[in-house]
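Below is a structure I'd like to ask you about.
Chains here go by letter, A, B and C, matching the order in which they are written, and residues are numbered from 1 within each.
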């Protein structure tokens, strides 16, 4: 049994209370632990206010952590600062919910994909252009997209660019924040297929954060259900989907079509 | 699997819409937001309008409310609401017989007025009653939408309520106009799952109690399954299939409807590739020859690219496809 | 031309035409002015204070110089004063606002308190004081106005940065390990600069008005160089009997300031449309 790629232990994230006399805020993430083995996918599911986004932002080092530890690939991930943190960031790829907001509106796709490579210190040139074209085609887009800008793309195409950018530095961990929530069902299927392919090809580990249990249940090996900052239930996907212990998890599975699940689609 | 033939019903038609088109002028040429949509909704039914972005579902709702953007050309062969011609009077019926429940309740309510004040603003324009009577009416309507302590709520401001409660207030306002036809545009998308389910249950109950009719605009098949009696599937501004909701969900006939259901993440076994639909919807600035779905359809024949598909009828399940039996 | 009209509207296009006309007059003044030497200041005392005529289309001033030639040469001073004031102000205000907004903390506090001090004084009064202290001259008056002007741009740039800093694409860049300097230059500056440039176009009119005011008060460029503000002041003594001495430069100031303001407005509307579309 190898050590997990990402290990979060008793993590507490608490935002500063607003105002001088405000009482101390409740923690947004309250003693959450998780462990993500290399090459596997963990789905973190929760509704608004569940703390799933704060957990994700803590893993990305975008919000300060009050207590607890995060270990990435055996290293103390919270200890990195300054230039060391910047270098360490290259081992995590990040895909946000809305690709149109997360891709710089004034840069071309080629420039957007060059950003992480330049940040690592790669020299611009033919080799970099090749790498960019390969990345893009690996994510299902032909090279004639390179000179375009994000706003000229459809939602699914833009999200493919965002995924290509996240993969540019060959990270071992991909962090996904509701990557299909802004997309149509048919496009969502394309993106989920792409993620499954990439995971198989590159042995990626994924932390997939979403409010939609059905979406993440399809591709996650493990699930973790959060509510009000705490973990409600976690375990293997099959186990949770077939026999959720918590009523809340069952609620999240939705209503409606369960009744008709017995009748398969033709 | 075998799809049972569904018998036609003979309910009273409230909305009869045939060949609706909405064209919006733009610098890049006319945008066909709605190309040709047929929609027939019986009194007391919840009718799902299903489609992905760009299919024209929201614009159809706007046309029913007389709220299409300035300069838009709205045309239809038949555009009747309860015997009234909507092409001339949609704006008149809005807020009297037809009301809108939008996706974002927080944006639909005025943040600086109390709930009571906002209810009264609606009631005052619709009823000649005294202030005390109107107040009692407002409290009764709020209570009817399942809001606890409706009396106390009258002095609250929208931001003091949760999203689910705000959506109930919006529904109460719609009822206050006296409307009997509600257009609900993704009413649960902004809400948590459990809260959304409660709001859907409320709508279902209001239909039963008050004889409302609802057009439920949605992209969520779970919503269709939960509350809709019948549904119409839109693609590229065209209605491609209409019928009982259960028939569409379990036995879709149009290849697009079938593909849409097959693309859902729970349609394939865990970890297996999903049946994504390749390609893109045709641009709304270009005219369509043949079947709009032909370029993406796995069962397309040469004929499909040139000739508009015929409407197939099986009981009250209708779809437009060259394949006699619909999706393989 | 129709493409331009669609982008700026007919008012904006007309104003652009006015501005281009004045710019051409300024650029080619020695060739366009009927009496270039008088435009540059040579007196012509035999024709003092003549009303408009075929020889002198806009009359002559108290030294007998052709008012039309003086107005044409004056365009050089007013144009460059308006543009340079705004350029200097942007040059100071934009970097200050960017740094304050992006890094926050004590740097933000310090820089913003400095702008507060400037903004607490009436701008014109401060400019007058500074111009008096620096002494007359075109460059001094431009510097005096720019010093009172930049805090507005600093404030505006800071507000833009605060919005952009929280944008997901800026966050995405920082998660990728892009350095702060590069985030600021490549991801934030292009977005923050646009509304500032529009505001700057809108401000050229008021800037040249302020510069003209200083000249009017005798704090601007020195005679005999032609300057509209100075000319209005000189003509004041003969007003209203010999109205043409003041009227022509006054109308020129009015036209050019108005043209810049309306053009800036048209640009701002366009920017607003873009922002709405992006949302």
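The working rule: contacts are C-beta pairs under 8 Å (C-beta built on N, C-alpha and C of every residue); 3 or more make two chains touch, one makes a residue touch a chain.
Keep in mind it's a predicted model, so treat the numbers as computed, not measured.
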Report task. For this assembly, give the contact graph shape among line, ring, star, complete and other. Result -> line
Query - Comparison of A-B and A-C by number of C-beta pairs in contact, larger one - result: A-B
Report summary line: Taking each chain's mean CA coordinate, chain B and chain C are separated, in whole Å, by 54
Query raised in the report: Hey, how far is the Cα centre of chain A from the one of chain B, in Å?
Result: 32
Query raised in the report: CA centre of chain A versus CA centre of chain C: separation in Å?
Result: 49
**Report entry** chain B - residues contacting chain A, complex
**Finding:** 1, 3, 52-53, 192-194, 197, 200, 219, 221-226, 246, 249-252, 258-268, 270-271, 273-278, 280, 327
Report task. Could you pull out which chain A residues touch chain B in their complex? Result -> 47-48, 154-155, 184-190, 192-193, 196, 211, 214-215, 217-219, 237-238, 241, 251-252, 254-257, 259-260, 263-266
Query raised in the report: Across the complex, what residues on chain C touch chain A?
Result: 167-169, 171-179, 182, 186-187, 190-191, 278
**Report entry** Touching residues (chain side chain A, partner chain C) in the complex
**Finding:** 60, 62, 85-90, 92, 94, 96-98, 101-107, 115-116, 118-120, 151, 162, 165, 169
